[in-house]
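Note that subunit A is present in both complexes that follow, paired respectively with subunit B and with subunit C.
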Partner chain A sequence: MKPAPFEYVAVDSWDAALEALTDGARVLAGGQSLVPLLNLRLVRPARLVDVTPIVGLIRRTDGVLRIDATVRQATLERSRIVAAHWPLLAQAVRHVGHPATRSRGTVGGSVAHADPRAELVCALTALDARYETMARTLVERTVRDTVSATRTGPPTLGPGELLTGIVIPPLPPGAKTAFAEHARTHGSFAEAAAAVVLAEEHAAIAILGAGRATAAERALLDGASAAEAAALAADLVDGDHPRALVTELTRRALVEAGRA
Partner chain B sequence: MKWDDLLAQRQWRDDDGNLNRLEEVDDDDGFAVYRRNGTSHDVRRPRAVDPRGFEPRSEFAVELRAFDAEVVEDEAPAAPSRARLVAAGVAAAGLAWLATRRRG
Partner chain C sequence: MGVASTLRREDARLLAGRGQFLDDVPLPGALHMAFVRSPHAHARLNLKGSGAFIFTAADVAGHVAPAQIVPPPGLTVEPVPHPVLADGVVRYVGQPVAAVVAESRAAAEDLAESVEVEYEPLPAVVDPRAGDTMARWEKREGDVAGAFARAAHVVRTERVIPRLAAVPMEPRGALAVEEDGRLTVWSSSQSAHRPRAQLAQSLGRDEASIRVIVPDVGGAFGSKGTLPVETPLVAFAASRLGRPVRWTEDRYENFLSAPQGRGVRGWVELGFDDEGRILALRGRVLADLGAYLLPSTPMPPHTTAMLLAGGYDIPAVEVIVTGARTHKVPTAPYRGAGRPEASYLIETALDEAARRLGLDPLALRRRNLVRSFPHRTALGWTYDSGAFEACLDRAVDLIGDVEPQEPGVLVGVGFALAVERSGGLHEHASVTREGDEVVVRAGSVPSGQGHETLFAQLAAERLGVDPAMVRVITGDSDALAQGVGSFASRTATMGGNAVVAAADDLLAGGPGVARFESDQVFTSGAYAAVVEVVRATGEVRLRRLVAVDDAGRILHPRLAEGQVIGGAVQGLGAMLSEEVVHDASGQPVSASLLDYALPTAAEIPEFATAFVESPSPLNPLGVKGIGESGTIGAPPAIANALAAAIGRHLDPPYTAQRVWEALR
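Showing the complex of A and B:
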C-alpha cells in the first residue's frame, strides 16, 4: 500500500521543527517505524516534519553523555565514547533491527515512537536517562526524569512536543553492564530482553516493555544471587512463556555482569 | 583541521565536495570524531600547558628533586678551572727551569 497524501517539510533546526509542527503533523526522524505505519495507513498525518537534516551529535561533558535526538543508531553503535563509558548502549543497539535500518533510524525516533519492545528504551531506562523536550506552547526546554515519573521508560510526548536530546549520567565506578535478548529471528522484534548495570552498592535492571525491576534490584543489593533476582524480575510480566524468558535472560545478563 | 574549526560547524563540504559530518565530541578526553566517505576521522584537542603553572603530581616529586640535584652539579664548574690554573702554573715553572739551564 501507499501512504495517504501528506505535506512534507524538512527542517534544519529545532526551532523550525517546532514552528512546522502544526496540528495533525508528525515528526519524521529516520522513518524506520513511522513509514511502515504510513504505508499501512495506520497513521494519516496531514504533514510530516523531517528533522533528520538537524545534525545530531554525541557529546560527553563533565562525565555526562548527551545524545541529540537525531543521532543515527549506527552512529551510536560505532561511537567510541559510548563503547568506553556507556557500553550498555552499544550492547543494546546491536539488537535493533538490521544494519540498514540502523543507518537510517535515529535514537530519538526510537524513543519518541515509544514502542514497548524497543531495545534502546530498555537500555536507557537502566541507565537512568533523562529526556530533553521542547514544547510548542512554551518554546523552552525542560528536563524530565523518567525514573521519578513512571519507571517504565521515557515520557509520552504530547501534541506539539519534540524530543531534542537524551542525557545520561555517568555509570558508577567499576560498573559492569549486560544486555540479553530473545527474538525469533535476528533483527525481528524482541520477545523479551533485560538490561543490567551492576556496581558496588548499585544495581539497575530494566525489563523490555516492563521498566525497572526494583524488587530484584533491592534483592541484589541485599546479596541475592543472579537466579533469585531474576525470579523477582519475572514478576513484572504475565504468562508462563514470557516469565520463563525474562527469568533466563535476566539471569544471563546478571551473570555476564559479574553476579554469580 | 583545527579543534575550534571542527566544533564551529557540525557539517561541511570540503574542497573535493565530500560531505563531512561531526559525530561525537569528548570534552573530557579532548577528542572528536567526524565522518567522511564512510570512514571515521579523529581530531585531538591541542594541549595548552603553561610551564609556569606546572605542578608535578606527588608520585613524580622524587624524580624532580633528583633532577634538581643534577642541575646543582652543573652549576659548579670550579674543578676544571682550578685544573687549568695548575696546569698553566706547572708549564710556567717548566719554562723557567729550562731558561735557567740554558743560561747555565
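Showing the complex of A and C:
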C-alpha cells in the first residue's frame, strides 16, 4: 500500500495552486479520501498539489458564513461561530469519519471529492450554500466565480478548476436544525442520512446523495406532519430498504427540529 | 494463591509509544520484501519476470518447503499444503506468486508491479457446498438412530456463520538476518518456538541454527499462531542475499492474505423426549477451508464438532465434519477457533427448540445442563470442572428487568451457555535470581494480554519478593530451550503453572526450570444480551451484554475482565457488522477497513461481568483459560436476543437491511 511515484508540490496561495495544477495533477486537501486511493494505486497522479498550507479561516460577515476550502473538518466541528449560527454543520460533521480523520480532512476536500455519501455536502445543500471557484482560461487568465448548488448538490469541478471557499447565508430567525444518519458502524460510510432546517415559513430537507426534497419541503410549508413529509422525501431514493431508511431518518430529523 | 488486581505494568511502555513492534526493530541496511499477489480467485499463470531481486516458485523449489499438515486425530485431509509461491496456478486472490526485494517498501511495490504475469482465469468455487472435500471426519457415540426413533420432538436447524477477519492492529510480518551461519528471525507471532520449528522444517535447517525473537505484538487473535507462508521466504532471501530482509505486512495484504476465521454452515438436529430432555444430537459441519491447508486449518471444525453438545448432557451424539475446498484464502484459528461456531450452533438450536415446543429457553437449558463433574461427553472429551447453573443464575440476575420499550422499538433478551476447551499440551518457564533481580523466562508469548504483569506477580508471590524486582522475558527462542506459545487460551493455565513450578524448583534448590504438562481444561460461562430493533428500519442496537465466566480461580481480575470484554466486543462485531464478503467470481469485496465494518467504541453496549470460580483440579493454580470466552458466549446470546425481539432466528451480520427484510 505505497502509492505509485508522484511529484509533491506544496503551495501557500490559490494562485500558486492554479499554476501548479498541470495536466495529470490532483489537489491534495487533507488526503483522507485521496490517500487510500493512492495507496491502492487506484489513482496515479503525476503530481499532487498540496493546498493545505493555504491558510483557511471560518468567518461570519454581515451574517454570512464563509468557510475557506482548506479549513479542517475538526476546526469546523469545534467552531463557536458554527455552533451558534449554523448548528447543522456541527451536527453533520460529527458523522464524518473519525476524530483522527477529521483532524486532517478539510471541508473543501470533502466537497470537491464529491462522494455522494458525504455528510457535509448533504448539510451544505440544506443550507443553500454557494461555492467559490477559481479556474484558468485558455489564455491563462484567472477567473473567479461563485456558483450555487444544483438541486442535487455542489457543482462538479472541471479540470484545472479549484474550490476555494464555501458561502452560507444566515439561517432564518428561530431556525432549528437536525441531522440523522444510519451507518453500519459509527464513522462508516452512511447508508442514508437526512439534514433538516425548519423555521417559520422555511423548510429545507436534504437527503444524502439525492439532494433537496422539494416536494417534502412544500408539504411542510402547507402544514404536513413529520411522517407525511418524510414519506415524500423517500421518493428521492430507489430500493425498498433505502426508502425505509430515508423515511425514518427524515422523520427523526424533523421531529428533532420541532415538527410533530 | 490470590493476586491483587494491580495495574498492567506493560501499559506504561505500550501506551506511551515506547513499545517495540516488528517494524520498529532497527536493522540498518535491511531490504524490503513485497509480493506479487494473484488478482484472480482461480487462474492459470505464466510468470515472465525474473531477476536477482525477484523470487519465483522455480527459484525457491528445493530450498523452501511448504509447511507440514498434522491434522487432529482421526481427521483425514487431502495433501494440499499451501504452496510457498504459486506454480502454474493460483487459487485465491492475494496468493503469493513472486517475492521481490528492494531498498524501500515503496520501491519493492514498484518492482512487484513491474513483474509480468499472464493469467488465464478459470471458474472459481465460492460456495463451500460446491467445493471438493479437503478434510473429513465423523464420530458417533450412543444409540443415535434409536434415540431419534423414540423422540417425542425433533428440531432441526441450519445456520450460516460467515468468514471473519482477525484484523490485528499491527499486521503480520518478519525480519530476518543470517550471520555466521545463524539465522535470526523476528516474527510478529504468538510463539517463538513453534515458528523456529516450522522454519527449520521449511528451510531444511537445524533448529539450533535458528533464533526466533518476538517483539511487542500489536494484537494477534489467533491469526499470528500460524506462521505466514511469506515468512520462510523472508528468511530464505536474507540467507541468499546476505542482507537483512524485512516484510511488514500492510493492511490490504492482511485482509487478502492472512488466514480468516469461521466460515461454517452447520446443521443441528435435536431429539427431545416429551419433557424436553435432549435424547440425541446429530450435527453436520461444513467448513469453508479455502484453497489450501495451513498447519492449523483443519483444527477449528474438529473442535466445533467435539464441542457441539455444549453444556448439555446428551447421551447420543453423531457428528460429521466436511472441509470444503474453495477459491479463497485459507481459514485458520481466529479467537475462539471452532468453539464460537459450536456454541452458536447448539445455543441457537436450543432457542429454536424452545420456540417450537413452547418452552421457556432458560427452563429448557436447566433441564439439560451438565451438573456433575468431571463429565465425559459422548464424544469423549472430559469437562474437568464447572458450575453451569450457577453461571446461568448469575447471568439472569445481572441482566435484570428489561424496561418497557419505546413505540416502534422491538426488544429481546437472549441467553447462551459457553463451553470452551483451553490449555493442554505443555509449557516451559524458568525463574532465576540474577543480581538483585528475579528473571522469569517463559514460553508463552504476549500479544497484549498482560503476561508480564501476571508472570511477575506469580513469581513474586511464590518467592516473597516485590513484583517490581521481577523481570519477565518472553518471545525469544534462545532464552529457553523449549516453549510452546500463547493460543487456545492457554497462558494463565499452562504458562502460569509453569512459572509457579519453576519458582518452586528454585525455592527447592533446583535450577528454577520447569515443564508443566496438563490435559486441556474446560472454561464455561453464561452470557445474556438485550437487543433493540427499530421496526421501521431494521436498525439493531445492542443495549446490554452480561458475561459470567467460570475460568476457575481468577488470578488477576483486571486482566481477566479485560479478556472477557475484548472478546465480547469481537463477538458483537461478528454479530452486528463484520463479514468477509466475496463476489461470485471469488473477488474479496470487504478488503479494507472502509468495507469490513469493525465495531467502534460507539457500538459497545453497557457491560456487566462476573466470575464464578470452580477451580480446575488439573493444575495447582486451579485456573482455566479466559482469553476467548467473550467471542464464544456473546454471539449466541445476541442471536437469541435478536430472535426474541423479531420472533425468528437470523444469521449474522445483523445489518439493518437484513433485519428489516426479515421483519417484512
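Rule of thumb we're sticking to: the second predicted complex is superposed on the first by the 248 of 260 C-alpha atoms of A that agree within 3 Å, B and C clash if a C-alpha of one lies under 4 Å from a C-alpha of the other, contacts with A are read in each partner's own complex, and residues count from 1 in each chain.
By our rule, a contact is a pair of C-beta atoms (placed from the backbone, for glycine too) under 8 Å apart; a residue touches a chain by one contact, two chains touch by 3 or more.
Quick caveat, the model's predicted, so the values are computed rather than measured.
Subunit B and subunit C, once both complexes are superposed via subunit A, fit side by side.
Judged by the touch definition given at the top, the superposed model places A:186 against subunit C, while subunit B stays out of reach. Contacts of A:248 after superposition: subunit C is touched, whereas subunit B is not reached.
Comparing subunit C and subunit B on the residues of subunit A they touch gives the larger count to C. By the touch criterion defined above, A:44 lies against neither subunit B nor subunit C after alignment on the C-alpha atoms of chain A.
By the document's definition of touching, neither partner reaches A:218: not subunit B, not subunit C.
In the superposition on chain A, A:2 contacts subunit C only, with no contact to subunit B.
For the pair subunit B and subunit C, the least inter-chain C-alpha distance in the overlaid model is 19 Å. Residues common to the contacts of subunit A with subunit B and with subunit C across the two structures: none. Interface residues of subunit C, counted against subunit A in their complex, comprise 105-106, 109-110, 113, 250-253, 534, 536-539, 576-577, 592, 594, 597-603, 655-657, 660-661. On the subunit A side of its complex with subunit B, the touching residues are 55, 57-63, 75, 78-81.
Contacts from subunit A toward subunit C in the complex involve residues 1-5, 36, 39-41, 98, 182, 184-189, 191, 241, 244-245, 247-249.
Those residues of subunit B that touch subunit A in the shared complex are 10-11, 21-29, 31, 33, 35, 40.
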